[in-house]
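Heads up, the next two complexes both have subunit A, just with different partners, subunit B and then subunit C.
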Partner chain A sequence: MSSSSSPEAVATARPARPASESRLRLAAGSAWALLLAFPLAWLLAFLIIPVVVVLVVSFFEPTLSGFNRVFTLENYLLLAESDAFIRTLGNTILNALITTVVTFLLGFWVAYYLALVVPDLRRKFALFIIALAPFFTSFLIRAIAWIPMMGREGLLNTALLNLGITSQPLDFLLFSDFAVRVAMIQLYLLFMVSPIFFSLSAIDPAILEAARDSGAGWWAILREILLPLARPGIVIGAVFVFVLSMGEFATVRLIGGGKTSSVGLGIQNFVTYIQFPQAAAAASVLVLVTVAGVVVLFRYGRVAEGL
Partner chain B sequence: MSTNTSSDKSSNEIHVEPEQTAVTRRDFIKGSAALGAAAVGAHAGTTALGASPLVGAGAKRSAFPAPAFLQGTTLRVVGTGVTLLDPIKAQAEQDLGITLQYDVKDGLTAQQIAVTQPQSWDVYDQWFNSVKIVWGAGVAQPVDVTRLPEWENLSPLTKVGKINDEAKVGAGDAPVRLLYVQPDGSLGSDPTEQVSMLPLTFNVDAFGYQSDVVGSDDARSWAIFYDPDYRGRVGLYNDPATGLMDLALGAEAAGLATFADIGNMTRDEIDAILNLLIEQKQAGQFRAFWNSFDESVNLMASGEVVVESMWSPAVTALRTRGVPVVYASPQEGYRGWHGGIMINEQASGATLDAVYEYIDWWMNGWAGALVARQGYYFSIPENAREHLSEAEWDYWYGGQPAAEDMLAPDGGVVAEQGEVRDGGSYETRMSNIAVWNSVMDEHQYLVSKWNEFLSA
Partner chain C sequence: MAVMTQEQTPAVGSAAPDRGKGTVVLRGVTKRFEGTTAVDHVDLTVPGGSYVVLLGPSGCGKTTLLRMLGGHATIDEGEFLLDGVRTNDIPPARRDISTVFQHYGLFPHKSVRDNVEFGLKMRGLPRDARRRRADDALEFLDLTPMADRRPSQLSGGQQQRVALARALVTEPTVLLLDEPLGDLDRLLQLRMRVELRALQRRLRITFIHVTHNQEEALAIADQIVVMQDGRIQQVGRPRDVYRRPANLFTSGFMGDNNVVAGQVSAIDDGHVRVEGDGLTLLARHDATGVAVGQNLHASVRASCVSAEPAIGSGDTTSPERPNQVTATLIFLEYLGDIVKLHCRLPNGQAIVAKRAETDRTWDSLVEGEPVRLEWKTEDVQLLLA
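== the complex of A and B ==
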């Protein structure tokens, strides 16, 4: 912290008054400490303490109306023995990976277009705001909107039937893994677009010009310049989408209609049945797996190098 | 405020309300400032929010005296949309001079709030299948029936267990088995003067079906849930204490499973039925699961399902929308449920007095008549009758053809002149309860198996 505060202090301190420099440095240091104390307290109160509580409760013995404060490993053993939980965990990871990859494949080009193809800044941001527009409505509304779209008597099925493409409604369009993935991709696309857009926007056009002048083709520019320079944005976008998808339960419940599951939904079910220790055990496993995924993303994304 | 004994309520309100608002807002600010007084803050805050009661302009007064000493008391009621209805709230507020704050949730969420946030409610208006869990959590106090003059008129259905000698009691958590607080604090059927939940609204549940798709022969039995003709068009209720009962009755009827006691299954029986369900689910038999009343209506209205485990007001809602849905009367018998009111352990003083007044108001039947128009029965049928027209009584309770169009509380037509209620009269329907909504001894085991079923 002191190393990060010293440039500030030096910049503020006048060379003509060296005596006050140390005092200023001290003042700047405590200002930084104060500034950092708030987010630290925030993290402690709303992240660290809850996670610890969840971890502790996951070792308690469940009862009909809550739990007894008696240590047990039973909750974890039940999860480990349950094929359904293992399968659900696998499905959750698979859905998160699919969502992350597809949002990248779609989102990169949206960001590319916004950042590099659209010429002036004003139009860029106008289009970016338009891309944001669906996100002015609530997350749940956007999820629910898929039901009249993809239902048995929904828009898509009616269109397919009327065009003579299908002879009966396609059931897999709603209440299926397919439907959940489509909805999640739509819901999280922007979390991928935004960081990539900002990464690409930060690229000095002179670099691209120089590359072109040196005879680099479109593909070479993409591979050698754009992708490496956009990497921090891509990794941050991937972390957003992966973490959100791993914790997903509302979309799975609404669009999955009970036909598909996620660990998040399982946790929610345990909570509604007042089986908190089992919910806490499943939550601890989910947090562990999600953090592992994020660590992998940061390590192989070498995000710090690009910043 | 307490000295104001004027019988003219409207002038009363004009004088009282602004003062009331000011005081409670100040309390609210003070309350929120003190971290330790979170509960006080919440309480005062709700009073401030609800301080201008919009008593329905057209609401008629029921013949019920408003006790002046209750003026300004706020009751926080958590429960479900089955009984927490706006007309009931408006009428009770007008009759009692109290402020009611209704927190309307689905059944499982209401139960979860009752157990985990006991500081947030005074009255728990829910169903007997949550009594074991809520009473077990120690957040409720017994209801003293000696404070309730109408207690002696309460139906034998809950006091004894059946409406007459010929009727079945029904397996599982029949209300009588959980009604009386025994001297050791446990719940049982031996009469005492203290009850866990004061029984009010009840009905029998079955399934609904679209009559233009489903043959009425198929709809005679719960076995329809496993009928391959309706593969992929079946909707289920996501609750192990109730939805499972429908499926168990169906499995028994279809010859797919047997139970020694369907209302209290053993682990082996739970394994057997859940394995069957997982098998059926993976074969695509079930289209969707619902959690809230609205979802059950939407699933049927959007054509996603044609057979669905559902509640009778959902059928009412669909019919007023023009969806041809019929509520089945399965030959194996119904699944019964009984609602009622529990009192918070912490309630005391004026709040507790208001709770008893509120319960007494309920028992007087105005609300019972209102829920009758949704297809529910009331634990003191004679008191509901006083607030129903003769035609309404004959249709809803008597099982007779409607002498005129039957209107829902919102004014929509539920049944046209000449229609007969499915399943017949009150006596016929309530004598044929196969099983009650139940929390079994192996409930926790069932919950984790049910979760596997949902994930399968």
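== the complex of A and C ==
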């Protein structure tokens, strides 16, 4: 409540006074309201309303060019009966899991190197910025850049042929699940590296010294100290990468070249054919599976527990 | 240089040191960091079972020296012998030495018990054996009720005991402590330093303790090693270092010494007469290498200066009466146990006298009035270095 009403102020209160006091209270209140309003409006406009709309539309009856506002479960039943959709969903989950695991296996060491091997802070951040450099370009360009690398006449195949390792170009390098996974790992690696880097950087060097003093070798320090202490960073990185790769469609389209699919790409196709309820149902399933994955990660990772 | 030769037990405490175990000998030990010499040819002998405090301001090389003993910094030059065995290149885990790190370095994700067990686990002890020994160590340090908590759930003093338990569970012969009381509030510091001392007496192993706090060093140590600029300035029992600072640095660092820059004007009858800063001091001639005309410093501990009201305000210093001066009392600082008298000579030289509160001669002193200061010949220290 207003704390501006000192006894003196009360004693000299005039008819104008309550108005000014309430104005003051209003000003303080509206400052808070304004501060909260912006993020709230943002969430509402760009997250909650769209999700609700998608959810609602997914239960509407489809027509040739849109939908009737009639409740139906048909859209979900169609998805459940479609082998193609189930296969695509499975493939999407598999790709996301592979991407998450591989970015962890690669990214942990990048973070380890940056946080614990590079000695001074300036060099640490210089290297971190360099690692960030690909992100200065559009992610579409980064995805397209794989084509001259992995194509039939790309850099990799030419090198393999010239070295005599293969006798003919390898087809699976581009327009395949393999290619999509490689591209996604490259695209999302830094989302794994950053949180792990910050977790590892926060470790007091005295802890590592104490471990060494107690006789812990490199492997014991990794298992007993670094991995447990980096856990929050690992889980957050895994959530980033998993969520991003579950929603992938551009990379799949460019690098997969029609030979592979993802739920994201499927949704785009539904939209192209004006099958909004179908798209909405597929999107709802995707969101549900993604959220389930995140919940599992947080549970298993015990992030809320902190240290 | 400063080799500790003292073999007999210091008067404090009753237990005789367990001689031979945990004896540390350093010969010309040196550490360089890009252009600077952090530790400069240190020679030191620490008898087994003694409590040694490395004392000095930050950057004096004391922590670097400790890290070299623990195996956390390489020794660039010189030799480190532990019980006669060259230990320079033995990895930390295989030395019979444990460290209590500054800020403790406890594992935040492990319980107190797991923290303490860690060293035993790394040594490959079976689960039951290490659990038993860890529990013994916890019991020993009164930590049994905290065994299942995380370090962050403990108070500063408890965390420190966990760090001690973790370091001691592997039964080292030398325990290194890096500013172990630095993170505690003052009251706890006073209590823990007594406990540390008692712990060392019970265990009869060598403690080497680093601090910048001279009071702490005086209270705890069998031997104090005063360090500055990577070199040992003085080694001795607390009372010797306190009473007889060997040089200007030690005199300044040990606190509340009145230091006078002067010149030797005469040597006679086993006395050295020093003139300077408007004072005439007479010291015992027990140091070699003092010559007439030599410039040196002399120091008188504040608590050795007695004060009484000056009768009239005669001349300030007379050459006939050395070790005596009339000054003006500027500020009487009442500190409870003691009273600090801040005085000034007419030439601006400040002199501090410290009297016990119970010594009521100071009671009649008035700020702004002249005061007669006097000290004994044996309390004048000549600082040659």
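Of note:
Assume the second predicted complex is superposed on the first by the 269 of 307 C-alpha atoms of A that agree within 3 Å, B and C clash if a C-alpha of one lies under 4 Å from a C-alpha of the other, contacts with A are read in each partner's own complex, and residues count from 1 in each chain.
The rule is simple: a residue touches a chain if its C-beta (ideal position, glycine included) is under 8 Å from a C-beta of that chain, and two chains touch if they have at least 3 such contacts.
As the structure is a computational prediction, the values presented were derived from the model and not from experiment.
Looking at the superposition, the partner that touches the larger set of subunit A residues, subunit B or subunit C, turns out to be B. In the superposition on chain A, A:Pro228 makes contact with subunit C only, not with subunit B.
In the superposition on chain A, A:Ala220 contacts subunit C only, with no contact to subunit B. Shared-chain residue A:Gly66: touches subunit B; no touch with subunit C.
In the superposition on chain A, A:Arg299 makes contact with neither subunit B nor subunit C. When the two structures are aligned on the shared chain, A:Gly151 is found in touch with subunit B, with no touch to subunit C.
By the document's definition of touching, of the two partners only subunit C reaches A:Ile207; subunit B does not.
Contacts of A:Phe175 after superposition on the shared chain: subunit B is touched, whereas subunit C is not. Shared-chain residue A:Tyr273: touches subunit B; no touch with subunit C. Residues 204, 206-207, 209-217, 220, 224-225, 228-229, 307 of subunit A touch subunit C in their complex. Every residue of subunit C that touches subunit A in the complex is listed here, in rising order: 70-72, 92-94, 98-99, 101-109, 118-119, 122-123, 150, 152, 166-167, 170.
Residues 108-109, 111-112, 115-116, 132-134, 136-138, 232, 236, 238, 240, 281, 286-289, 291, 298, 302-304, 439, 443-444, 447-448, 450-452, 454-456 of subunit B are the ones that touch subunit A when the two sit in their complex.
Residues 62-66, 78, 82-85, 87-88, 147-148, 151-154, 171, 174-175, 253, 257-259, 261, 265-266, 269-275, 278 of subunit A are the ones that touch subunit B when the two sit in their complex.
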